[in-house]
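Mind having a look at this structure? Questions to follow.
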Amino acid sequence: MKDLVGTVEFNRQLAPRYFHIRLRLPEAVGVLSGQFAMLRPQGLVEPILRRALAIHRADADAVEFIYLVLGRGLEALTRVREGENVDVLLPLGNTYPTDAVTLEGRRALLVAGGVGSPALFMLAGDLVAKGADVRVYFGGRTKFDLPALDEFEALGCPVTVTTDDGSAGERGFVTAPLERDLVADAGPNGSVIYTCGPWPMMARVGAIAAERGARCFVSLEASMACGFGICVACVVEVCEGSFAPPFKYQKVCTEGPVFPAEAIVW
Amino acid sequence: MVSATESSRDPRLAVEVAGIRFHNPILTASGCCGYGLEFEPLFDLSRIGGICTKGLSAKPLQGNPPPRIQETPAGMLNAIGLQNIGARAFMEQKLPRLRDYDVRVLTNVFGYTVDDYVEAIHMLNDGDGIDGYELNISCPNVKEGGLIIGNDPRAAAEVTEAVKRVAKRPVIVKLSPNISDVAGMARALESAGADALSLINTLVGVSIDIHTRRPRIANVTGGLSGPAIRPVAVRMVWQAAGAVKIPLVGIGGIATAEDAVEFLIAGATAVQIGTASFYDPLATVKAVDGLSAYLDKTGVASVSELTGSIDLSPPPRGH
Amino acid sequence: MVSATESSRDPRLAVEVAGIRFHNPILTASGCCGYGLEFEPLFDLSRIGGICTKGLSAKPLQGNPPPRIQETPAGMLNAIGLQNIGARAFMEQKLPRLRDYDVRVLTNVFGYTVDDYVEAIHMLNDGDGIDGYELNISCPNVKEGGLIIGNDPRAAAEVTEAVKRVAKRPVIVKLSPNISDVAGMARALESAGADALSLINTLVGVSIDIHTRRPRIANVTGGLSGPAIRPVAVRMVWQAAGAVKIPLVGIGGIATAEDAVEFLIAGATAVQIGTASFYDPLATVKAVDGLSAYLDKTGVASVSELTGSIDLSPPPRGH
Amino acid sequence: MKDLVGTVEFNRQLAPRYFHIRLRLPEAVGVLSGQFAMLRPQGLVEPILRRALAIHRADADAVEFIYLVLGRGLEALTRVREGENVDVLLPLGNTYPTDAVTLEGRRALLVAGGVGSPALFMLAGDLVAKGADVRVYFGGRTKFDLPALDEFEALGCPVTVTTDDGSAGERGFVTAPLERDLVADAGPNGSVIYTCGPWPMMARVGAIAAERGARCFVSLEASMACGFGICVACVVEVCEGSFAPPFKYQKVCTEGPVFPAEAIVW
């Protein structure tokens, strides 16, 4: 974890309210898939808090993020231009357990919902690079809510797209093709599901995995003030026994953001 | 990590509060630094004056359900609900590692009854490497039906006296800002034996989502912190400084060395940085360096000369 | 200027507070609109619900020496010192022109003793076009040696009772936020006969220039207002709403229709916009239009349905 | 007085910390010399208050300002680019009384200190256009503190420059050449002095005028929250009898910013 000053290489709009930013870093930082960063335009006075964004891509000395503007924090980020600076604390959080895929040869099913996709992109790339059998399920409300779909498609693994309104791919929820394929696929080795998206979607994915006996890892979001464990704001309620006592609340920023689906009280 | 050595320290920054010598007047605020160790990857803990831990209770606490925070204009609301690992676990798991650093450690302590405080202090008395206690008295008093101990000078004095009877280390009492008479409260605590006062804790606030009509904090009310509350905090430090002789630790919206200086001038001997560490994790070390720079620029010999140096003579015209 | 006609008004916005009918719940806050007429070049005063004048005293007051204000994070401090032309001059010079507009007029009144209040109310009783009084009780009580009347429920109730005995119009009492027990204060004022409560006034704050070491406000302390204090104000409205049956007027950091809705949901029947008018002179009229838009979007039938509609059921998970 | 949205035509740096901005307005606004505006970049959340700036130049549908960045309000203004919007309340305040110059034929001596000069530039232009005898005295700390000196010089009237450090013009205070010329000039018609600059400079100019029996008008600054009379923050103490009772404090934004020098308690 380092607090660095990143310099904007580009910060471009992908779709209404979606942006893609690339920051050059003053030093190399090792990033694991699923990790995130806390960002704030340098010198910004209001709003005070940094925003958490999944690391979409990491090179030796640069990182990329894809973000959906909900309020004034990320709105302020959209106004930062090439050559300007962004304070960035990274890398934060844990990573996806992948032994079951890379060592045991199970299939990896990545289920992304909207802007949950950046949290899965490095994982997809890593697993494809290791020759794993990776399938991506990407759901969005409309065709404008499939940020960086082209980057997933460029990885070469099969990508199934759904939209709530049918404006791209299958009409309906992304859990429909997932369920279909899980039934069709039910083989001896089974699958490991990795998912990031809206809470109800992840809850449903977790339930599907439990029904089918597939392992499932979810990448959670939570309101964060610090991103590195000092505020104890970002908690999620976990099931008894899933973590060492005494806490039923675990911090998403340090114990997560990746959790086994069955550990979460949905 | 190699610790800051004596020689790398600016001697002009040293201060003493409640008999505790700090290398410099910059401390972390309770609840805004975990148990201190979370900063290890970011900076050498020996560079700051002190660490004031997350509030500890005799037994571990689960805290409140989320959402626990909400950002507000130049500030934030929190209702963490004092989730903590308990005094025992702190001493076993955290304290030994904190001893690697040359930094003063204050344990923030709270409870719902006088006995809760006394029990926690009894435990912490055994902790090797603790320099002092800070009492958080902004908790609802379960005995008195939920009234806040820190809003009632009698109840606050009672807790202070009880703790002072058992405490083997200096006791700093932390004031709630949700009161009308700071001076009276400060005097009551001084009489009760407090070795120093720290102020302020958070202002009680509420934020409502107008779409769901639900409070944005599961606990409904939360504590307001951050730059928004700084003027209230400076005022209370100034009022307390006029009322008591014991030293004061200023807290509330401090983000930079300049902010820290403002509190020193108002009457504080040291300060704590809270919310700022969330959005600027290096805020404390930057403030330490900034204080040295301020002394260089102004020619002031030491930070302790700043304490209480507010100039109340009438300002020149034309302002 | 042609006044807003009945037909140009949104009937869903009408509210009643203390028996006074307002076309809509958006009022200007005292001290943040002069005597109302200052807005004449900017918008038709009949478009807003009401005007609450600068605090009036029986005799004109000079106010404090400058500097009187200082900007702070998301807020400002002020110590105007209640400079005002006096109740008599207000009635002679300002009130006749305010009668040209179809807008409710509240005169904010203050004093240092009970007699001061009574004297001012006696004068204002003769004013044609005044709809109600708002009592500012956040002044130092000269009789009690400078203690703030509004911080002491007994003193505040005494002023309220005395004023109610002579007032020919409804009396709204304005609460100080610098107190620990809002509910208790609200109940004391309700019992004393207040027709409604407005809250909050400013939080006391201090800001110091670290170069001169002088307070940035000549009066040393000032009142903190603006978005920074909004969470404290929402909390106090919510607490008062749980304590009394009389209507509440929400004040504190309101800048937009969304902010106003938050106060209504917390329990207010109307709101006042203060500091926001300084940096957004059209804030009040924009908020009126914004309220209509909010009702359109949400399908809520009228603003009065929002009052006190906070939903305290547990939030869904995943937030 | 109108609250308008101005669109930036240019916003360029003149010298370290000095900027020159031009805003196109959506409608024509009549501006008198000495009037000012309250500005804020549109959508800015922090700092909350607008900043007061003298109207340096006004065309039918555009206004210009010259500003010195002291803190984060004007700092934020420097970041607004061409085509972006600024909220601007204008015109505000009173104007300079000029009858003694234009009707009685007295000489006009304009004494500017640093960034006080924009408050005098329209006056200088107006008086020169009316054929008055105008002399400008322009003092700054250094040669970098003489904003828009070239614009004054382009008016064609004599301009005497002083700097505290001698880096441009005469070394010393601007009051030195003023005093010299006032003595030299003492004729039957006398002079009218108009001044804007730091308080001690204006106090000295007022005293010089009083000694010499010249009329003197000062354009004051004060901390302002609103700029149009509703906050009663911006007061200056005036001498008894100089304004109608009851106030010894007058509002700079509405009773000023221009006051007769002898009315002020210096």
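Letters A, B, C and D name the chains as they come in the text, with residue numbers starting at 1 for each one.
Keep this in mind: a contact is a pair of C-beta atoms (placed from the backbone, for glycine too) under 8 Å apart; a residue touches a chain by one contact, two chains touch by 3 or more.
All of these numbers come straight from a predicted model, not from anything done at the bench.
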Other chains in touch with both chain A and chain C: B, D
Which pair wins on C-beta contacts, C-D or B-D? C-D
Would you mind pulling out the distance in Å between where the CA atoms of chain A average out and where those of chain B do? 36
How far is the middle of chain B from the middle of chain D, if each middle is the mean of its Cα atoms, in Å? 47
Approximate Å spacing (C-alpha centroids) for the pair chain A, chain D: 56
Listing for chain B: what residues touch at least two other chains? 65-67, 73-75, 226-227, 319
Junction residues of chain A, two or more chains touched: 45-47, 223, 237
Tell me the shape of the graph of touching chains, choosing from line, ring, star, complete and other. complete
Can you tell me which positions in chain B touch chain C when the two form their complex? 65-67, 72-75, 77, 148, 151-152, 176, 178-181, 203-208, 210-215, 218, 220-222, 224, 226-232, 234-235, 238, 253, 258, 261-262, 265-266, 294, 298, 309-315, 319
Of chain C, residues touching chain D in the complex: 31-34, 38-39, 41-42, 54, 60, 62-63, 65-71, 73-76, 78, 80, 83, 85-86, 89, 226-227, 275, 277-282
In their complex, what parts of chain B are in touch with chain D? 73-74, 317-319
What residues on chain D touch chain B, complex-wise? 45-46, 198-200, 202-203, 223, 237, 265-266
Enumerate the contact residues on chain D facing chain A in the complex. 45-47, 72
